[in-house]
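What follows is a set of structures to go through.
Two complexes are shown next, each including chain A; its partner changes from chain B in the first to chain C in the second.
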Partner chain A sequence: MRAGQLSRDAFRVLLTGSGLRVKTGPFNLSIRTRLPQLIDQLYRMYAHYSLMGEAEIAEFHVRVISRCSIRRPFARLIQFEVDGRSPFPPVPAEQALATLEWGINLAIAMRINHLLLFHSAAVERNGHVLLLPAWPGSGKTTLCTALIHRGYRLFSDEFGLMDPQSGAFFPLPRLMPLKNRSIEVIRDYLPEAVLGPEIPGTLKGTVAHVRPPQESIRRTDETAQSRWIVFPKWSTGAALQLEPLPRSEAFLLLASNAFNYELLGETAFNAVTHLVRNCECRKLVYSDFDSVLAALDALTDMPADMN
Partner chain B sequence: MIEFKTGLRAEHHRLLLEAIIQPASLIGYDNRQWELLLRLARRAQLSGYLAARLEREGLLDNIPIRAANLLRSGLIQARKQQQSVRWELNRVRWALDDSDMPVIVLKGMAYLLQDLPNAAGRMFADLDLLVSKENLRRVEAALLKKGWQHHALTDYDERYYREWSHEIPALVHPERSIEVDVHHTLSSPLGKLKIDPQSFREAAIEVKEAGCYVLSPEDMVLHCAVNLFQNNELADDLRHLVDFSELLLFFSNRQPLFRQKLIGRANQLGLGKPLFYGLYFSRLLLRSAIPDGLEKQLDRRPGRIAQCVMHYCVPLALLPQHPDYPARRAKYARMWLYWRSHWLRMPLYRLLPHLAYKFYLSVLPARTEISKQK
Partner chain C sequence: MDHWQVHGFSSLRIENWDGEFTVFQPESGKTHFLNEMGLQVLIMLGQSPVTLEGLCQKLSEYFTLLPDTQFPEQIARTLQRFEALGLIVRVKESA
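Up next is the complex of A and B:
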């Protein structure tokens, strides 16, 4: 059963009571909150996620609560908690959704080490994963949003989750935070994209989340091997460039950009070595969606005999 | 011992304790029990330890996959931390290489150096060292010269460490994240319990390949008890009781007279009280096989009322709270033990201003930051 099939009341009862338990990729989340505004936003943005029963283990237990502050007695503040601990200071109540999403990402990044966590967007086409690793600010979420509305299946805009033994990538389709100018760009280019509220004043400026397509969430258990690694960079007015990248360089960029590469040590080294050997590696500079979509389609098109 | 109820009635306490006492019992846990256990083990920083025990017994593949994944994640993290602390010790040895100042390694890294059973999967992020008070300045100067730095401290904290504490402010090398805590004694010099660090240093044992020393087995067990029942505030500190009980079991199995030597050493050093509590709570919570009358041989034991209060409060503090339903009585027990730990560490004329200052910081953190910037 999907969260969106619950009545709004039943949805609220879960969030305010024992917890809304949803499956996102390989992890189960339990979310609790009593904030009416956040409940409304989640009812819309989490509609496609499958509900999990109490009989399945949830890895992450998070909560968003309202907080009073002696220093700011009249401000409406909220705090994010994971297992009763607060990794962030309180923030204004309007930022509840953004804080919840970042908090869950942080918990995943801090706790999960049985998988290698690349800091990378990942999408799938023709049965294989296209990795888009990049530093913050390079536009990977924006590009990822465009791709998943043009025939690619969303794995994640933030985490490339790889099993270091088998090399399989796991989908983790979560809300994707567009920042500042990207919000308008996506509204213009993809009117069909479902966006959450615009949340001004966060650490990263104004944020609006894209809801992952239902199809991506439905196929959340279908893993795939990676076949292409493209390092994107958005640059105003630049002509499209999609150039080969030496494997050694791809290795260093991937390894230095992973959340737990050092922690996994030799396991991670072997896994990344295997990954870059089996992928086509490219460097991408782009400024408009039409040309970049065409170029990535061409890259990920399969020869007829392989289809 | 006095029959008196503990604060231990809750299901979640039993879940965690059973897992530690008898990891094989985990095979029978259902998913709901697993979920709660995983959350408790994380809070108690025991995930790596549990994972290591399950791995040793070949059970990691016989438990639910989600639980195994989280436990493995904890174990991988613990192993990385251990590697980092081991390397930090190597660097400290390098920095002190041309000096003749012996360094005694304490706590987690000491357990690791001797490959003690509680070291497997143990999470720790600090390197704790003991040097003589005469060498303290020289060790600090040598580390500072080779690149270690102190965190930025307020004047108050600086003074607290320098005058009232048993260690100097932590040293961190900017290229690494491990804190090096250099101690000159094992408990606060202002505290009610007077410890003579020299007798600990004299009995220390050399670990040749690491170029440093560790405490003798009896002293290691005693230090573990002192640290837990004298220095710490006990909240969520179950893992230190696990250390105590594992060390005691390990050394007792290897030396038939170990327990007698331990009692003798505690009496000699005047450390009967912390050892009493260590033995008492290991037996009560972890069902350690400790002969019944053993504590009676200690010269210094807590009084009857103190025993009753500790019997009720300590389990509520050591064991983690239920993550969704924290109990109020546990909160009060923890508050009381917090006071107690400070009371043991410093005289009242120091304690009251100190707690007032900490309370002020907890209420108005931003204001002090602003005044620092000015």
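Up next is the complex of A and C:
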């Protein structure tokens, strides 16, 4: 059963009571909150997620609660908790959705060490994963949003989740936070994209989340091997460049932007070596969606022996 | 005079990327990125303890380098860096 098949009232009862228990990729998540505005937002944005079975265990128990502040007695503040701990200070109540999403990402990044976690967008086309590793501000969420509305299946805009033994990537289709100018850019280019409310004043500026396509969430158990690694960089007015990247450089960039590379030690070294040896590596500079979509379509359409 | 040698050479994992190398050091859990010269320094110091002068001579022969007064300084800096990274150690002459 999907969360969106619940009545709004049943959805609210779960969130305010035992918890809304949903499956997000390889993880199960229990969410609780009594904030009416957040409940409304989640009812729309989490509609496609499957509810967990009764017998399944949630890896993450998260909660968003109201907070009072002596310094700011009239401010409406909220706080995010994961398993009873608060990794962030209280923030204005309007930022509840953004804080919840960042909090869940933080919990994944801090706790998941049986998988190698690349800081990377990941999408699938023609049965293989296209990894888009990038530092914050490189535009990977924006590019990922364009791709998943043009035939690519969303794995994640934030994490490349790789089983270091098998090399398989796991989908983790979660809400994708567009920031600042990207919001308007996506509204213009993809009017069909479902966006959450614009949330101003966060640490990253104004944020609006993209709801993952239903098809990507439905296929959340379908893993895939990676075949392409493309390091993207959005640059105003730049002509499209999609050029080969030396594998040594790809190795360094991937290893240095993985959340738990050092923690996993030799396992991670072996996994990144195997990944880079078996993928086509490119660096990408782009400034418009039409040209970058055409270039990435061509790359991912090419038979393996012609890349 | 200081001699140098690689600390646990046999345990290093070395991958060749078309003439550039990633070296994983299990003891520290660190991955190092080396060019051909850096890798040869490790290989030569992995065979037996060597002085700076001896190492420079071996490298000059291996890479057929012309005499260069700055070369020993460059290699000395490389040794200091490798020592700081825990890749090599100084050993007594009698070792």
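Quick notes
Methods note: the second predicted complex is superposed on the first by the 301 of 307 C-alpha atoms of A that agree within 3 Å, B and C clash if a C-alpha of one lies under 4 Å from a C-alpha of the other, contacts with A are read in each partner's own complex, and residues count from 1 in each chain.
Please note the rule applied: a residue touches a chain if its C-beta (ideal position, glycine included) is under 8 Å from a C-beta of that chain, and two chains touch if they have at least 3 such contacts.
Predicted, not measured: the structure shown is a model, and the values here were computed from it.
Because the two structures share chain A, they can be overlaid on it, and in that overlay chain B and chain C fit beside each other without clashing.
By the touch criterion defined above, A:E56 reaches chain B but does not reach chain C. Legend: residue contacts after superposition of the two complexes on their common chain; A:S248 is shown touching chain C, with no touch to chain B. In the superposition on chain A, A:A122 makes contact with neither chain B nor chain C.
When the shared chain is aligned, no partner comes close enough to touch A:L29: not chain B, not chain C. Note on chain A: of its two partners chain C and chain B, the one contacting more of its residues is B. Touch criterion met: A:E262 reaches chain B and chain C at once. The superposition places the C-alpha centres of chain B and chain C at an angle of 60 degrees about the C-alpha centre of chain A, rounded in steps of 10.
In the superposition on chain A, A:T273 makes contact with chain C only, while chain B stays out of contact range. Between chain B and chain C, the shortest distance over C-alpha atoms in the superposed arrangement works out to 7 Å. Under the contact criterion defined above, the residues of chain A that touch both chain B in one complex and chain C in the other are 262, 265. Chain B contributes residues 30-32, 34-35, 38-39, 42-43, 64, 66-67, 69-70, 72-74, 76-77, 80, 83, 321, 323-324, 326, 363-364, 366-367 to its touches with chain A in the complex. Contacts from chain C toward chain A in the complex involve residues 13, 15, 17-18, 20-22, 24, 26, 29-31, 33.
Note for the complex: chain A touches chain B at residues 28, 54-59, 61, 70-71, 83-84, 111-114, 262-265. For chain A in complex with chain C, the touching residues are 246-248, 251-252, 255, 261-262, 265-266, 269-270, 273.
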